[in-house]
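Quick one: structure below, then a few questions.
We just call them A, B and C in the order they show up, numbering each chain from 1.
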Amino acid sequence: MPIFDQGYQHWSGELTGHGLRWLAITRHGVRIGMKNRLLRIALLIAWLPAAVLTFSLCVWGLLEQKSDLVQPLVPFLTGMLGPDVVNNPKAYRVEVWTLCYDYFLLTELRFSMIVVLLVGPGLISRDLRFNALPLYFSRPLRRIDYFVGKLGVVVVFLGSVLVVPSVIAYVLGLLFSLDWTIIRDTFPLLLACVGYGAVMSVSAGLLILALSSLSRNSRYVGLFWLAVWFVSSIVGTVLTGVNEEHRMRQTYRRAVEAERAAQAERPPKSPEDRQRQAASRQEAQRRMWADLQREQREAARSDWRPLFSYTANLSRVGRHWLGADASWEKLAETVPADERDRYLLENMGAQYPWYWSAAVLAVLFGLSICILNFRVRSLDRLK
Amino acid sequence: MKPVVEFHEVSKWYGNVIGINKLSVRVPAGVTGLLGPNGAGKSTLLQLATGQLYPSQGRVRVLGRDVWNNPSLNRHIGLCPEQDAFYEWMTGRDFVYVCARLSGLARPAARAAAARALDAVGMTAHQDRVVRGYSKGMRQRTKLAQALVHDPDVLFLDEPFTGTDPVARRELMDIIRRLGAEGKSVLVSSHVLHEVQALTPNIILLNRGRLVAEGHVRQIRDLIDKHPHHIVLVCDEYRRLAARVLAWEDVEGVRVLARDKGLVVETHAPDAFYGRLPELALEDGLAIKEVYSDDDNLDAVFKYLVNR
Amino acid sequence: MLFHLEDVTKTYGPVTALDNLSVSVPTGAVGLLGPNGSGKTTLIRTLLGLIPVDKGSGAVLGLDIHTRQLDIRRLVGFAPEDECLFPGVAGVEFAAYAGELVGMRTKDAMQRAHEVLDYVGLGEARYRRVETYSTGMKQRLKLASAVVHDPKLLILDEPTNGMDPAGREEVLELARDLAHNKGMSLIFSSHLLPDVEAVCDHVVVLGAGRLLAEGMIRDLKQLHDGCFEVRLKANPAAFARRLASLGCTADVRDDLLLVRVPVGQSQQMLWQAAAAQREQIRFLRPQRSTLEEIFLKAVERP
C-alpha cells in the first residue's frame, strides 16, 4: 500500500515492571529541578567545601611524604595542631582525616538544608495545586512508587552534594599520599560518610515531602522548612546556652563564697600574709576554673537540650559514626593536661548519647510517613 | 426599538493587545446571544458594558446613560460573571442578601428579594448551606440569583450554564426566556451554540474584537451568499428526485446519501427552492418523507462567518 | 463486555454515592449522563480502581475491580475534568512523562508522544511550555496523554468544558474517530447532550447513585408513528388551523409544529395542505424523542 495512514496508530510495545516505575518520577523531578537557576548556583557553591576537603587531604598526604610543596604550610599547621602532630603525620592520619570529614559534613549540612529548600517545597505541593494527582493515580502507579520517586529527587540532589564529593575527595587524597595502607585505616570513614549521607538524604527528604504535602503553596512550605531549620536550631542553642551560663554562675558563686569564708577566718595581719592570701586566691581560681570545665563536660554527657535542633541531631549521629569524638580525644593528648578539658569542651560538640538523636530522627521519620499517608489519600473522597 | 445597551465606535486595547476594535452595536430588549470564538472580545464587551473598563475610544451607554463611573446605574444592571468568586463562608441566603443590600435595597426589602430570587432559581432547599459545600450547578444558580435579586432592567450573563446538568439548565433557560418576555434586556454570552439557539434567534457575533454579524439567525444565514444552503431530502425514489431537482436553475449541486436514501441539495436561492417543493412532493411517486437543513442554524452561521 | 457492576455500593459517611448499582455495558462508545451528585465521578473512580467499594463486585474489560486494579489502569486512559497540567514542561515532555508513568520505556514514550500529538493536531505548539496553551490545546494535550499508552478504554470527563465551538468540534471529531474507527471503547461523561449524541451509541443514565436508564440511543429514541415535526417559513398558527380542519391534531410550540396525522395517512397530507395554502415547509421529520427528553423522563421518574 503506497499511501500510509496518518491517523491514530496502535502501539503494542512492552511495559516495564513496577520495580523501576519510581525512576520515571525521579528523572522528571530532577529535570525540572535543574531548570531552576538558583539551584544550579547553590549546587556549584556547595562543591566549594568539597574542594577544601580535597585540598586538606592532599596536603596531609604530601605532609606524610615529607614533600617540599607543603613546607610553607607547616608553621600554620603547627600553630593549629601542635608540633607533636605535625612531626608525626602518619600516626595521626586517621584522626586528621576524620576531623577533616567532620568539618566538611558539618558545612555540607548547612548547604544541604539550602538545597532542600530550593528543590523540596514544590515536589508535592505543586501536584496538589495543579490537581495533577488524578493524572498520576489513574495510571498503574502505586502510592509507594509515587513517594519513592519524589524522595528520589531529594536523594539525588543531596547525594550529589554529600556523598559524591566525599568519595572523590577520598580518592584524590589517596592518590596524593601514595600509600595503600590508608585504605585499611580510613575505609570505615568512607563507609560512615556514605551512610551518613544516606541517612541525611532520607530523613530530610521525607520531612520536606511531608511538609510539601501540607500546603498547595510552595512558598509556605519553604517557610515551614526554614522554620524547622532555624527556629529549632535557635531554640536548642538558647536552651543549652542558658543552662551552661546557669551552671557557670553557680560554680562562681560557690567559689567566691568559699573564698570569702576562708578570708573571714584568717584576716590578713601583714603584707606577707596578704601576698600569701593573694597567691592562694589565684590558686583557688585556677582550680575552680578546671573544676568548671570538668563539670561542664560531665553535664554535657546528659544534656538533652540540643535535641531540639534538627540539624544538631543529624550532625550528632554523623559524628558518632565518623568517630570524631575519639579523634578529638587522641589529639587532646598532645595538649598539656590542665588545658585538656577546655580544649575538648571547645572542640567537641554536644556529648549526649547519640542514640537519643537517632530516636528523635526516627520519630520524625514516622511522623513524616503518617502525614504523607494522610494527605495523599489517592482520591478516595467525595469531591 | 429603543436600544438598551449601545456601543458607539468603541475600541479597547490593553497595551498593544487589542480587545475590541471599533465596535458599534445596539442591543435591543429581549434575549440576545453574544457569540464568538476564544479571544473575540466577549468578556471585554461585557466588562465595558457594566462599567468595569473604560473604553480607549468611543462611548458606551446603557439605558441611555453613560455607564462609566455611574454607580446609580448599577441599580438597574445585573451581572452574572463567568468567574467563581464567592464569600465561601456565607450561606447562599446570606450571600444573595448581601448582594441585595449592596444594590441599595433596605433590610426587609432585601430579605424578601433574596428569598424570591433564590426561589426563582430553585435554590430554596439549599439556601442555608455554606457556599463552600455547593456543587458547580448550585454555584451557577446562586450567581444567577444575585444577578436577579435587585430586579434589574438589563442582565449580562457570562457563560451561565457551565457545569449545570440538563435538568437545571432547562429551568434556568425558562427563567431567562421569561425575563426576556417581560421586556427586560438579557445579553447571554456562551460558547455552547445549541443552548443559545434554544434561548433566542437574535445574536451578536464577534470575531477578533470586531463585529461580524448582528440580528436574527435566519436573516444572517440568508445573507451569506458565499455558502450555498444545504438541504436534505429523504425519499424512496431519491435518484428520480435528484434528476427532477437538477433541472431547476438555482440548484448548484446534488450529493447522494445512498445509505439514508436521501439527497443533499445545494442551492443559492433557498426561498425559491422551498416554494417549489410542495408541488414536487405531490408528483407521482416522489413522496418526500423528510426535509431538513443542517445549515439553517447557529452552528452553520458561526462556522461560515468565523472560519473564513 | 466493556464493564459490568453488580450491587456496588459506596458511601462517604452519611452520603451514599453509589446505591446497589448494577449495570452491564457492551464495548463501543458509551455516554454517561446524570444530574450533579448522581454518582458519575464515583462510578468512574470505581472503574479505575481508585477507590474501594463497600459492597459488590464488578469487572472492567474482564478484569476484577477488587484484585486487578493496576492491570485495569494499564488498559484504561483517563482525561479528567479539571485542569491537571503542571507548568514548567513542554507539551511533548508532558505527554512522554504520562507514558513513562504507565511503564513505557523512555524512548518508546517519546516516540509515541510525538505520534499522538500529531494525531490530536498539536503541531509546533508541542515544543512550547504547557502554561502558554489555550483551553483547546490543553484539552487536546490531555487527550493525547490519555491515549499515549494505547488503552483499550478511554474515559473522558467533560472534555469540551469551556471550549469554543471550533475546538469542541475538533475534540468530538477525535473522540468519534477513536471510538468508531480505531476500535477503542469510550466512556464519555458530559452534561452537554448533543455532544453525547454526536459521539456515543450507547448511554447510561445515573441518578442518586442508581441506574435510571440504559440502552442504545437508537433504541431509546422511539419513533412516534404518524407524528411529525414541522417548521414553516411563516407563522404556523394558520397552518395548524387548516390541519386541524383536515382531521389532524396540531400542537404549536414556539416555532415548531407537532402534527399527528389520522391513522392510515402519511406526510403527503402535509404537502397537500402546504401546496393549497402556498406555504413553504422548511423542516419535516418524523418525531423522535431527543436525548434530552429521554434524560429528563428518566430523571423525573420517582
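Here, a residue touches a chain if its C-beta (ideal position, glycine included) is under 8 Å from a C-beta of that chain, and two chains touch if they have at least 3 such contacts.
Quick caveat: nothing in here was measured; it's all calculated off a predicted structure.
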item: Chain B and chain A - chains in contact with each; value: C
item: Relative to chain A, chain with the most remote C-alpha centre; value: B
item: Chain A and chain B, separation of their C-alpha mean positions in angstrom; value: 66
item: Inter-centroid spacing, chain C versus chain A (mean Cα positions, whole Å); value: 58
item: Chain B-chain C separation of Cα centroids, rounded to whole Å; value: 23
item: Residues of chain C defined as touching chain A within the complex; value: 12, 15, 17, 45, 48, 50-52, 70-71, 73-74, 76, 78, 80, 82-89, 97-98, 100-106, 108, 112, 115-116, 118-119, 145, 147, 149-150, 177-178, 181-183
item: Complex interface listing, chain C residues touching chain B; value: 33-37, 134-136, 161-168, 191-194, 233, 266-268, 271-272, 274-275, 279-286, 292, 295-296, 299
item: Touch list for chain B against partner chain C, complex; value: 36-38, 135-138, 159, 162-170, 191-194, 271, 274-275, 277-279, 281-282, 287-293, 296, 299, 302-303, 306-307
item: Partner chain C, residues of chain A touching it in the complex; value: 6-18, 21, 24-25, 27-28, 32, 35, 126-127, 130-132, 134-142, 378-382
